[in-house]
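Each of the two complexes below includes chain A, the first together with chain B, the second together with chain C.
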Partner chain A sequence: MFCEKAVELIRELHRMTDGQLPAFNEDGLRQVLQEMEALYEQNQADVNEAKAEGRAELIPSIKLRHCCLLRNQRCLTAYLYDRLLRMRALRWEYGSVLPANVRFHMCAEEVQWFSQYKKSLASFMRSLGGGEGLDLTQDMKPPKSLYIEVRCLKDHGEFEIDDGTVILLKKNSQHFLPRWKCEQLIRQGVLEHVVS
Partner chain B sequence: MFITDIRKDFYEVVANQRVALLVASDIDALCACKILQVLFHCDQVQYTLVPVTGWQDLSTAFLEHKEQFRYFVLINCGANVDLLEMLQPDDDSVFFICDTHRPVDVVNVYNDSQIKLLIKQDDDLGVPSYDDIFRDEDEGEGSDSGNESEEGSEPSGKRRRFDEGAVERRIERRRAKRDWEARRREILFDYEQYEYHGTSASIMFFELAWVLTKDTKDMLWWAVIGLTDQWVHDKITHMKYVTDIATMQRHVSRHNHRNEDEENSLSIDCMRISFEYDLRLTLYQHWSLYESICNSCYTSCNFKLWTLNGQKKLQEFLADMGLPLKQVRQKFHSMDMSIKENLRDVIEESSNKYGMKDIRIQTFGVHFGFKNRFLASDMVHATTALLESTEKDESASDNFIKALDSLSRSNLDRLHSGIDLAKKKLMAIQQTVASCICTNLIVSQGPFLYCYLMEGTPDVKLFSKPMALTLLCKYLLKAFVQSTRNKRCKLLPLVMAAPKDVEKGSVIVVGIPPESETSDKKNFFGRAFEKAAESTSSRTLHDNFDTSIITLKTEDRSKFLDALITLLS
Partner chain C sequence: MDTQSYLPVEPGVGMEENFLSLDDILLSHERLPIRTECRFPRLGYLERSTDAQDIPEGTKMELPLWLSKGLYEKKRRVLSVELPKVYREGWRTVFNADPNVVDLHKMGPYYYGLGSQMLHFDSPENPEIAQTLLQTFVGRFRRNMDSSQNAYNEDTSALVERLDCLEKALFASGQSGLNGFQSWEKGRASQLTASSLVLNYRKRKMADGPP
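Let's look at the complex of A and B:
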């Protein structure tokens, strides 16, 4: 059946919930493009034949192939666009350096797009706050306090904060630390925010 | 040294610094820690909280954190030992100690630079004066040799007389020094002989909050719980408890003064603390009345519920009050309203007839929301049960965190699980007391009574923890005093041993002072245990902050006991 490969690509993305980025399906893409090329060639041949010999019965198959081509195109652009949206969300969640396994899943053009996006986001953020810049990616909602209380869930060893002081993170110790320093560790599951 | 102005000398010093909080494992320390945490949150003081269970834990925690912190706050640990010698800190480390353990070590009192004591200088401290204990040694020697060299230049004719004078003076000085040292030893012995407890740490920190006008009802409630913990675990005298309750009552009325009239009444969800002259029945509002009467130390000992006679008396007592058995065995919440209304007065009247004059005690209760009503003693029992829970795979610091969480109002399910654990613990205590008395497990060894819990005893795992064992010890002594006819035995203290770790072959030993109406709760077993261990070279571990609780190897038990008997007779 035509267009099945393209829908396969879409299904692959749909299966990955939670904003994860699967590996770039180079093969699938190539197969779809090949299918589109094949369809297009067939269509070209049929159109020429229909025009030259006036065979009107070829028109439906030409129409069918044309619809398939449009469908393939739509699926492919949806696939590529959705991947871009996911990468954009990753920038806001993880910061400007993506984890290695995510970068592995991006193709060269996507990497290029990502660095361009990073640059434009950075220049925008720099322009805020009266020339000083404001990091918008830190807090999605305005924070209630500068410091939060965290509890250490596992032994993590020493941890350095901005002014150079070192804290020993031992299991079941509680600390009162600046919010921005803890977010990374909270995401990793080493610390737990204590709400009393 | 003692701090006089807690705001200036403690709070403002640490307000811009990073602080390490080392907190001992008892409820008073937990409450004090919560109060201090809230104050630090207000002023954004960065801190690190480390729970410690004994001296070894304290040293380890200090070693791990000494590079990163300059200021250490020790709660309910560290005052009764020479801290600088034990921890060997750098010269710029400063320790703020808020500890209820007395006597405060003299080195801690007289050190001006590194040790600051957040302790009230009450009358009951009795610290020996500086000159009686410390003295510059070089003065005597230096002046002596100086005189000699001067006199050496004198003509020889007079030399002999001067030499004799110098020799006499030297002998005199040496004798004075020996006398002084003997007197010093005596003074120190008297000072350090008895161990007792002072004002609760949570009250100290609450007063700090009050001075800073940052006190809230939550902090007041925690201070009340800290004080009640001292009373439940029998650490302070009744007089002191009543005095401290009066102080707390002033604060409670100040907080309740928030004009609750017809128009501006507070929402039912707000926290209200009230003074209650309530019954001494442990956890009775979360249990059935019958169970509570059976499992509270006061009623159980007065009725002698381990005997058949006692059971009959209890039935009479309930009949006397007109409470049907069916009602009394139901959960307290489901009892008829008509019975619950005058319950306290009815019980007080009847108990007076049965010789229980103090069935009611002054305490505080809190309620927030329609369902949540707790007395301070309920909270103490629940939190202690959580702190010393003997579930597998839970380390001491896990339990500490759970107990700390249960003190917040938002963790009610944890509190309720604590109440369930406390019920189990109380029932285990009562059963153990009953079996010990009925099987005459308590033996008089001469200067003290002794009881050993065998390994197969049901629930013996619960009693491998110090606070649970101490509670059992106290109930057992009260029950014994009620049940024995030997007048002399009633005045003896009790030493109790229970298996702590079967694999390592260790037992935990606890000593408590004798039971009396006017007991001053001063415990001499700390020093006695130390001396007995030394003299028999038994393998002991004096790790607990309370020196009257030690760990001992099972094999050394008998020789340790013999040494203790000889020491105390």
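Let's look at the complex of A and C:
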């Protein structure tokens, strides 16, 4: 039966329910496009024959192949779109710099899309608050205090805060830092918010 | 509650499918028993039981839902679709008697979804099928909601294994609400947490790390 490869692509994404981005299946995509080309050519030949010799009984087969073409198109579009949704989630969860192992899973066009999305988001955020800008990726939970206690979960090197002091983030060290500086690192799992 | 950043396209409601929904694509991949009402020249290789070049009229075979929907025409000149067992008279009486007893995961994981799609094929039993689908959902809903709202921090596999996909999604969202409420009660709502997406990436990185 046709369109099995296309559904395999969908299953690959559907398996990752938490929103992770699997490697770009370039091979799979190529196979689906090849199947579409073969179906299209068979249909072209049949349509020409049906018109030239008036063979209307070829029409059900033409219709069937056309349904397969539409199905492949649907699967490919949904595959690419779902990957975009996952990449968008990465911008909000990880921040604007993605770790290398994630970037390897994106194809060239997807990397380009991601940088365009980052730019759109940044210019939108800059335009809020009467030209002053508002960072929408901060304060995902309503803040309770200006400063928070954090513990370092792994070595992250030196960290500079607004008044110029440099803090060394070594594993298991605890610090009392401004909330807005730490939020990004907490979300990335480098620091841990300690609640007493 | 951990805010979700990845928001996939949801499955369609009732007889509609969402074009980009992964769930709807997988649902429409399910196979249905059909009977061809006309000849399909040059496609004999799709029907593996014969070596004929064409698929003759009157062949009984199985086609996926998406193809059946695409080819189906009201005047039945192309194909006629048989109802799968689960939606026929026999099983319908079982569902009407006691919907809670049935293992909907075994009856095809997409019981409600596929049932709603079957209504496209103009079967004379459509009103009864629609009625049974609705009543089954209503009958099972109370128990599902109850268990999803009260199973906190326990192994829910026994509760979830007999649910179909729609019910599983509802169960999951009930659990997420319950966990959010519980963490609020404990005063953890204001605690900043690492993103679950980031943690999952790290787990996977460790899992396929250096051999």
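Just so we're on the same page, the second predicted complex is superposed on the first by the 160 of 196 C-alpha atoms of A that agree within 3 Å, B and C clash if a C-alpha of one lies under 4 Å from a C-alpha of the other, contacts with A are read in each partner's own complex, and residues count from 1 in each chain.
Just so we're on the same page, contacts are C-beta pairs under 8 Å (C-beta built on N, C-alpha and C of every residue); 3 or more make two chains touch, one makes a residue touch a chain.
Keep in mind that what you see is a predicted model, and the values were worked out from it rather than measured.
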| item | value |
| --- | --- |
| Contacts of A:71 with chain B and chain C, given as first, second, both or neither | second |
| Winner by number of chain A residues touched, once chain B and chain C are compared | C |
| Touching partner for A:146 - first (chain B), second (chain C), both, neither | first |
| Chain B versus chain C as contact partner of A:170, first or second or both or neither | first |
| Touched partner set for A:89, first chain B, second chain C, both or neither | second |
| Partner chain in contact with A:19 - chain B first, chain C second, else both or neither | second |
| Touched partner set for A:11, first chain B, second chain C, both or neither | second |
| Common ground on chain A, meaning residues reached by chain C in one complex and by chain B in the other | 195 |
| Residues of chain A that touch chain B when the two form their complex | 145-147, 149, 151, 165-168, 170-178, 195-196 |
| List of chain C residues in touch with chain A within their complex | 3-9, 19-23, 25-26, 29, 38-43, 46, 63-64, 66-67, 70-71, 78, 187-202, 204-205 |
| Footprint of chain A on chain B - complex, ascending | 18, 37, 40-41, 44-51, 64-65, 67-68, 395, 397-398, 400-401, 405, 408, 410 |
| Touching residues on chain A, where the partner in the complex is chain C | 1, 3, 7, 10-11, 13-14, 18-20, 42, 46, 57-58, 60-61, 63-64, 66-68, 70-71, 74-75, 77-78, 81-82, 85-86, 88-90, 92-94, 99, 101-102, 140-144, 148, 182-183, 186-189, 192-193, 195 |
